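Structures for review follow.
Each of the next two complexes has subunit A plus one other chain: subunit B in the first, subunit C in the second.
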Partner chain A sequence: MQAFFFPTGDALRLFGVWRGVEAARRVWVLCPPFAEEEKSARRVLTLIAQELEKRGESSLLFSFRGTGDSEGDFAAANLTAWREDLRAARDEVKKRAPHAEIALLGVRLGATLALLEAESLGAQTLVLIEPLLSGRSFLMQQSAKKQIRAQLTGEAEAKSDHSPSDDLDGWKLGAGMKTELSTLDLKREMPSFSRKAHIFQVGPRAEVAPPLQHFADGLNSQARAVVMPPFWNLIDYSDPAPLLDGLKSEVFDG
Partner chain B sequence: MAEHALIFPNARGENLVGVFHEPLQTPRAAMVMLHGWSGTRCGPHQMLTRAARLFCEHNYAILRFDFAGRGDSDGDTELATLATMQGDARAAFAWMRAQTPAPLLVLGLCSGCEIAVASVEDSLGGAILWSAPVFAALPSEERAAKKRGANLKKYARKLLNPSTYAKILRGQIDTQAVSKAMAGGGGAASKNLESNQPGQLPRGFRNAALEKWRAFEAPRLQIYGGADPITPEALGWYRDNSGREADVALIEGANHSFYGLDWEHQVFERTLEWLGKWQREREK
Partner chain C sequence: MNTDTMNQLKTRLKKMIVERLFLAVAPADIADDAPLMETYDIDSVALFELVVGLEDEFGISLEDADFQVSAFQTVNSMADFVSKKAE
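== the complex of A and B ==
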């Protein structure tokens, strides 16, 4: 395992953890979800990286600019810059393992960004875990969650120099990010990926929800339901065995 | 200022991933930050990363790292306890002491404060505790019942509100989390039994740690959210179980993890003020 910073095209440094050998046949870029969801998802992504390492594959788990330990101001970040960050991660992988195939695995917004960039990054394998289909719905859910928590616990509205909708539980949402998230709609504008993607729904339902099934159909891919708590939303640790089993049988063993 | 990604081993040989924030000048003090039970070295809403960057601008050297079984570090999540985390914290103290002779402080967030309590050494210059819970609380029926009672009253009041029903029906309320809060569950309490079994504390851990904490005489700061339900009980516990009175700051209206930009800002400002006072007292 190596922990390091690697550069973006505009001279920021992104934090990354490399697991596995540099001579691996396939290297995975692991794309975390949005901001606070990254905190809860980080361990699951590490466990996926460890599983890959056991199989002789390598991975780079990184943080987008303005999140985790990566440089940059979250308030100035936007989806365009995060797509550039994915490119920087791919470049770092190519520097370390020039002959390896690139595989992308993303969770939530990380999955969405991975899909948007998969074709241009030359990814041979693409795994999307609960991809975010609509940025507008995501923002509405975040706002509702905050209001409901305040209502249930009696906490005050945090005072801020910014509009309450710009303070996403301690994350300052910049105008660029807000605009790009609001217009992000994979159901309306389906990106193209010339190979089959592996799509996982994670939650209490054993059947894939119609919107995700429709999305998978549009990608000419199959979606699979994994019954386990939505780990990116949890405060406590949750056993990711069902997801790891699904990844092994559907992707890693294939 | 420079930020260095690093890996260092704990006493069990597991690799811990961290970031060292190195100030431009000789540091006034060094600080090891300890994250919460199921968190990472960055903290909720990146609070520990942001704090480290700010404090480093004020010339403090900072080490943040993931405990074994957490974040990017090696180790088994299920086997982590306050005792394994205490060992990790001590490895971090040793790493930091090898970088600088500056006086060493420890900063904990939520359960990270329990690790701070368990890890204090005479040579530590002080402790900063953000949202410190009661140390190594047991899942006793008495505690659970008390918490259940208080939560039930609170949530029953909310559930009488028709708009809450509408939100539950629309799937906007995480009813699982609410049920958990009502049941008084969650957190690390079940891991605090002393049994010598893997994933639980070794026998005698709590008393040994408490004895050291009670004898610890260095200055300490405690910050709590005014709307955090743990605040009254935790403040009482620390008043009764500490060898020295803490400086206490309450952030009005704030929740447990200070989920708001202004609350986070207030926590940082109060901490920097206290660090200034701490340094002036050392220089006397």
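== the complex of A and C ==
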């Protein structure tokens, strides 16, 4: 395993962790979700990277600008810049493993960004784990999360000097990020990807929910339901075996 | 909303609660007036799952202005909340 920084086009340094050999046939760029969800998803993404390494495949797990150990100001980040960060990650992979196939795997917003960039990055494999279909819905949910905590702890929401949806669990949203998230709607504007994507629903239901199924149909891809708690929202450990098993049987063994 | 419709709504809510929180109880065993947070040890993370469940399965979007934790105290209060939002 190597932990290092790699450059973006605008000279920031993003933190990344490389697992596996540089001569691997396929290298995965692992795209984490947003803000607090990144923290909760980290362990699962690391387990996925370790599973890939066992199979002789390599991966780069990185942090978008303004998150984790990457440089940059979160409040100044936006989705356009994060898409550029994904491009920088692909460039780093190409530098280290010029002949490898590129595969993208993302969780939540990381999945959405991976889909938006997959075609232009030349990805040959694309795995989307609970892609964020509606940015507005995401913002409302995050605001509800903040309201829950404030009401359960008696913390006065009025202490905040900006509206609840400007601050997600301590992550202050910049105007650009808020605007881009508010207008992000994959159900209305389906990106194109010329290959089949592997789409995973993670939650309590064994059947794929209609909105995600519709989304998968629009991508000419299959969606699969994995029954396990939504790990990106949890504080406690959740057994990732159902998701890892699904990835093995649907993607890694294929 | 008439009594039958309200009862159907409560049945759907109980199923959603059990599924979303991975509870080891039958939905029918949840009493309409049982204090959910105390009875099932629901914390802020679990409560958030119920918020997501309302949106995913009932089409209820929670704006900041109308969000109150008290709406999630019992199945009865959740049903009242959902029926009012659906009006």
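Criterion: the second predicted complex is superposed on the first by the 247 of 254 C-alpha atoms of A that agree within 3 Å, B and C clash if a C-alpha of one lies under 4 Å from a C-alpha of the other, contacts with A are read in each partner's own complex, and residues count from 1 in each chain.
The definition used in the following text is that a contact is a pair of C-beta atoms (placed from the backbone, for glycine too) under 8 Å apart; a residue touches a chain by one contact, two chains touch by 3 or more.
Fair warning: this is a prediction, and the values are worked out from it, not measured in the lab.
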Subunit B versus subunit C as contact partner of A:Ala3, first or second or both or neither: first
Partner chain(s) touched by A:Ala209 [first = subunit B, second = subunit C, both, neither]: second
Which superposed partner A:Asn233 touches (first subunit B, second subunit C, both, neither): both
If touched residues of subunit A are counted for subunit B and for subunit C, the larger one: B
Partner chain in contact with A:Gln151 - subunit B first, subunit C second, else both or neither: both
Which superposed partner A:Ser143 touches (first subunit B, second subunit C, both, neither): second
Footprint overlap on subunit A, where subunit B in one structure and subunit C in the other make contact: 141, 144-145, 148-149, 151-152, 229, 233-235
Of all residues in subunit A, those that touch subunit B in their complex: 1-5, 13, 15, 17, 35-36, 39-40, 42-43, 46, 61, 67-69, 71, 74, 141, 144-146, 148-149, 151-162, 167, 169-172, 229, 233-237
Residue ranges of subunit A touching subunit C (in the complex, touch as defined): 137, 140-141, 143-145, 147-149, 151-152, 163-165, 203-205, 209, 229-230, 233-235
Sites on subunit B touched by subunit A in the complex: 3, 5-7, 15, 17-19, 37-47, 49, 70-74, 77, 154-155, 158, 161, 164, 167, 172-174, 176-178, 186-187, 225-227, 229, 252-255, 257-264
Subunit C residues within the subunit A interface of the complex: 19-20, 22, 44-45, 47-49, 51-52, 55-56, 61-64, 67-69
